[in-house]
Amino acid sequence: MADPLDLEPEIRDGLQRVGTAPLASQLLKRGLRNVFIPRVAPVNPLHARMVGPAYTLRFIPMREDLANAASVATPANPQRAAIEQTPPGHVLVIAAGGELGSGCLGDILASRLLQRGVAGVLSDGAVRDGHELRELPLPIFCAALAAPPTFARINAVDAGRPIGCGGVPVFPGDIVVADDDGAIVIPRHLAAEVAHDGLEQDRLERFVRKRVDRGASIVGLYPPNEGAMAAYRRWVDAGEDDGALRDL
Amino acid sequence: MADPLDLEPEIRDGLQRVGTAPLASQLLKRGLRNVFIPRVAPVNPLHARMVGPAYTLRFIPMREDLANAASVATPANPQRAAIEQTPPGHVLVIAAGGELGSGCLGDILASRLLQRGVAGVLSDGAVRDGHELRELPLPIFCAALAAPPTFARINAVDAGRPIGCGGVPVFPGDIVVADDDGAIVIPRHLAAEVAHDGLEQDRLERFVRKRVDRGASIVGLYPPNEGAMAAYRRWVDAGEDDGALRDL
Amino acid sequence: MADPLDLEPEIRDGLQRVGTAPLASQLLKRGLRNVFIPRVAPVNPLHARMVGPAYTLRFIPMREDLANAASVATPANPQRAAIEQTPPGHVLVIAAGGELGSGCLGDILASRLLQRGVAGVLSDGAVRDGHELRELPLPIFCAALAAPPTFARINAVDAGRPIGCGGVPVFPGDIVVADDDGAIVIPRHLAAEVAHDGLEQDRLERFVRKRVDRGASIVGLYPPNEGAMAAYRRWVDAGEDDGALRDL
Amino acid sequence: MADPLDLEPEIRDGLQRVGTAPLASQLLKRGLRNVFIPRVAPVNPLHARMVGPAYTLRFIPMREDLANAASVATPANPQRAAIEQTPPGHVLVIAAGGELGSGCLGDILASRLLQRGVAGVLSDGAVRDGHELRELPLPIFCAALAAPPTFARINAVDAGRPIGCGGVPVFPGDIVVADDDGAIVIPRHLAAEVAHDGLEQDRLERFVRKRVDRGASIVGLYPPNEGAMAAYRRWVDAGEDDGALRDL
Amino acid sequence: MADPLDLEPEIRDGLQRVGTAPLASQLLKRGLRNVFIPRVAPVNPLHARMVGPAYTLRFIPMREDLANAASVATPANPQRAAIEQTPPGHVLVIAAGGELGSGCLGDILASRLLQRGVAGVLSDGAVRDGHELRELPLPIFCAALAAPPTFARINAVDAGRPIGCGGVPVFPGDIVVADDDGAIVIPRHLAAEVAHDGLEQDRLERFVRKRVDRGASIVGLYPPNEGAMAAYRRWVDAGEDDGALRDL
Amino acid sequence: MADPLDLEPEIRDGLQRVGTAPLASQLLKRGLRNVFIPRVAPVNPLHARMVGPAYTLRFIPMREDLANAASVATPANPQRAAIEQTPPGHVLVIAAGGELGSGCLGDILASRLLQRGVAGVLSDGAVRDGHELRELPLPIFCAALAAPPTFARINAVDAGRPIGCGGVPVFPGDIVVADDDGAIVIPRHLAAEVAHDGLEQDRLERFVRKRVDRGASIVGLYPPNEGAMAAYRRWVDAGEDDGALRDL
């Protein structure tokens, strides 16, 4: 039986083919404006795209008597536990409170996540060992690099609970999608429909873009009026969509 | 048997007679620098002092489909539950993520907390119904006033767990003390000793202040050298401390 | 014929008797979350409440060759023109881009607005001559006081156009209401209904607050379940609402 | 007859050969300090330089009932109109209020601007469809990428009026120049002289840089004393300036 | 012989009778825009005005091994030394780097400054012992109150050198004036003339304000045209200025 | 005799082979948390690593009458003097107060530093002439690029004194190390031991990383328990450390 938090292959596949821009448009159509995490970027530019259900990890500001090397020397430490417990295919989403003064993860932990089949990492804070992480084939979206160890500034307190990450609510199992435009969080129950409608929107925008690239005005075309929609449908029916325009 | 999180009367009494300034000094002597919550002030200037163990409540940013009037219409809502569950004598400490665009509490909930014997409220966000709260004999320390209801910006997710409030870690049962200089958080196990040493420091500073008010230089007096300490001890032994200097 | 932007007396009257908190709740019920201007406070604490349609004035950052005493020495200067053109009963809403380094208004211009019957001033920037403004019976809500003249930092460019003020959209004629909890902006077409529903909500909350003040739990009462609503309606029918609770 | 806002070819040519650094120095010599827009960078690193008169577009924060897909489905929408009306050779300068939570432009609109011969785009906010924009041969300087559609956070209100962009005043027709060091705004009437003097300054700095690269001290050389100026003039007269030093 | 940094009695007297608003206007007339320190307010509302030459004290962020009680236990500590060395009649201006997490001064040091005849304190950071400072007849302008001791966040490094305070340059001997509108810094060599011209501007504005209070339009009056200036001079000559208008 | 501020070759060599991440860990072990300068990055990605003692230069906000081209036309100007006086092998550390609106250094001054054998530049502000600096083989870590000349926003006041840079204390002679993860500041007297212990930590982490890359869990391995430490020592003794893992 499938893990109820696992992502159905067809939804994952759909989300992997749509950009965060059309997905954000679809969420806005459904009244959701607070789904985008600003100011995060991929550490490794060659691995700048990820899709997966959220496994959440929460930090709070450090207290000097609790924040030291000894505190992480036990599997019960929530940060270390999360490294071993984030399910394969999931995205580890870290609430670091926007802290840029220490890294909430380094290359050893990231390498372990990669080994375990985790889909990626998203943090509103910083990560460390940037030189090594840039070589690692794991998507990591974060706000900065920072040399100090995690407990220089923050302490992990729990995992698997709702968090705020970069001003956005994230519930365990929500679907995280990230690419060049940043990271968005899709409520679990909407994943299938926004994947579907996002793919459709993407195709329509390919059609529009082709017309614009050939000199058409956007008036009546974007957004499309009835005539433009009819032309679009003929274009689809004629199989003229090669899906490749945007990467010309 | 006493609630293990309850505060022994003599410690509470001591903390009520010491300012947050000497208490912060005592915590710094023990290596704790990250205990002060900046930018909060009392809503009612006549109730600008509170002491009590922390009962924590955590919010995350709102999501439009979850954040509405219906969501708070059940006792299971963590915000509403916290109002009825914060133990008497405790301080309700609210992690609002520094959100100033909606109030995490209004006059009805505050009035209920007062009725239930809660010691006060501390939030890194805003509260609403400022006009009414200014009349309520309950210490409320927060960062701003804001008209919109809680769920305009944030949603409660849990209570009784470690939180970050204004950049400071707060564990349930930590002792919150607040006065004109702001709010500090004392780790539970240090409350007795910092209360004791803070009272002593306060007495020494009364002695110093009296000398300074009479024209003494601070050289050798503040901090006191051996001679000044000997004079201080004679002053104490002679019963010259009337405890009243600071409020002349 | 009435000025289409003027405010009907009964709506103005209603809005003057409701706090910004219930009004913000009513706007949120209608899906409007971005209506509250944070970080503004009244300069004169005795004139901390205002209601009126918005007359908008817009500044942009200054350019040294345009921003000088000569530039304001003509009635065509948009700032000076706005002082003489804001209709009586309206609120002059100033988009200062959050600039706190110069005052967008001083006591002479404020005195003129008062003479002309303007309802008040709202700015996301600063005002100057604070000593004099604190004595003036005109509600002025702003973010700070600042000594330098307007053109030290900003230049007026136009009036009567849509603006952003403190992160909130303001269209000419929108209704501004401000009190202790801050300032909100009500779309013109919603003013009548939120005034009506806000008054009703206010009455219900007086009922709730009275019960809570007497020791009732909030469970089932706030928000009220069916039983509580029935009790409320009996309380209303019995004429027990004296409208005075909040100012006990 | 030439469009009065159009840029004379020789001025455009001059500005294209000078960096923003010497141009900013020339503006400062004329008393203008507030001409630099910080925190913007080119989306496409291969198209990181642009020159052109400003065509301005202004956004304000969104209001939920106005900010939706329907609002942009008309050529009268100021954002859509600006795409078709920005004159060829001009720079579309967008006042997005520094909003980083939605993109004020995507690849379809940018492609249309490119088709229409627009010189580039400058925004103090974000743009979306970063993956596609990085492939488009159009200079776009902005503060971030963001997935959500424009109206998730902001609404266009007018075009062709003075705006503040990134804290800098921009009047329609002002000349925008942007390169690696960021974007500056040159008042229209100063364009010719700062282009001329900037080219001269650039030549002088090439001379200085060559001397420094060969080991000369900056004392007496940078800024140049009389002797250094005489040597510079000999260098110019001897035709030793190959204009290429900086790209060695 | 007078201390060259001392303030001539007639200049001090003039500056004490002018508000910071006209003084800032006079500085702007002389091309100085960067003279106002925003976000500071007086701790004791009854002592909200000060004038005096600056004696500067500079802090940098703390380092744990240097920032402790022992570090201040010597008269050579720059903070402690500054308390005994700020000349009477001067303002102690503290560059705290805008740090709000610890107080750069408490009631004992402030009391010593008062005893020594210092004119006041200006800091872009916080002070502690707010309860006591509110009772002390010494003007203290700062950005916040904070309980922790100075060295929790910052360390004093030197005195009597140029500093930046709240984004404004302060050279030793510059004249600091502070009142309700905040604090400004007047270059030493301009003090006499801005005091003189500020008094004249103040008188003119009293004339204007009286006319406005009686119903005059600002057109032609503020700023005054030739006719208004003639009327002003007659008003002055007739001895109608009672100097009291602003405090009606 | 060696310059007492000079860096012993073996320490420099050690620090050049360790990343800032293990060095920051070693400083934290010694109780130092405030050693990391966030938000700075190398201008030239091919010269993104530097080690050297700090030579400090301090700016304050500009004042218009002092901040002009003439002010830098003398070798006594602290900025210009610092260019000729920073000792070879040292890092010029610039306190720009985080100012991003002007460049505290351009390509001519940077070229001179390179000629003089300076190890690099660190600033919490911006630099200008980014196009040229990207070609210069000199490590420059700063917060942004900016076109305007230095004195558009800031003025140099002194060199060789303690400064705050990006929130971190820097004393002349402290050792600056910067790489991909940012810049850290090592107190002079700790340089030898953190270099030594950092190299050891680095070796241990190479061992751990190799195990993790081969599929080992982090439990018991990171941090290592006794068994893991024994295995590590055998690995070291067996000469299996090729020092190359991280760049695989």
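Note that the chains take the letters A, B, C, D, E and F in the order they are written out, and that residue 1 is the start of every chain.
Everything below uses one rule, namely that contacts are C-beta pairs under 8 Å (C-beta built on N, C-alpha and C of every residue); 3 or more make two chains touch, one makes a residue touch a chain.
These numbers were taken from a predicted model, which means no experiment stands behind them.
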Chains contacting each of subunit C and subunit D, listed by label: none
Common touching chains of subunit B and subunit A: none
More contacts between chains, E-F or A-D: A-D
Label of the chain whose CA centroid is most distant from the centroid of subunit A: E
Rounded Å distance, subunit A centre to subunit C centre (Cα mean): 40
Subunit A-subunit E separation of Cα centroids, rounded to whole Å: 50
Inter-chain centre distance, subunit D versus subunit F - centres from mean C-alpha coordinates, in Å: 32
Sequence positions of subunit C contacting 2 or more other chains: 31, 33, 35, 64
Pairs of chains in contact (touch as defined earlier), listed by label: A-B, A-D, A-F, B-C, B-E, C-D, C-E, D-F, E-F
Complex contacts: residues of subunit D adjacent to subunit F: 19-21, 23-25, 28-29, 33, 35-36, 38-39, 179-182, 184, 205, 208-209, 212-213, 215, 217-219, 222-223, 246-248
Contacting residues of subunit A [partner subunit F, same complex]: 64, 68-69, 72-73, 75, 80, 83-84, 100-103, 106-109, 111-112, 115, 126, 128-132, 134-135, 144-149, 151-153
Subunit A residues within the subunit B interface of the complex: 30-35, 59-66, 97, 155, 157-158, 161-164, 167-170, 187
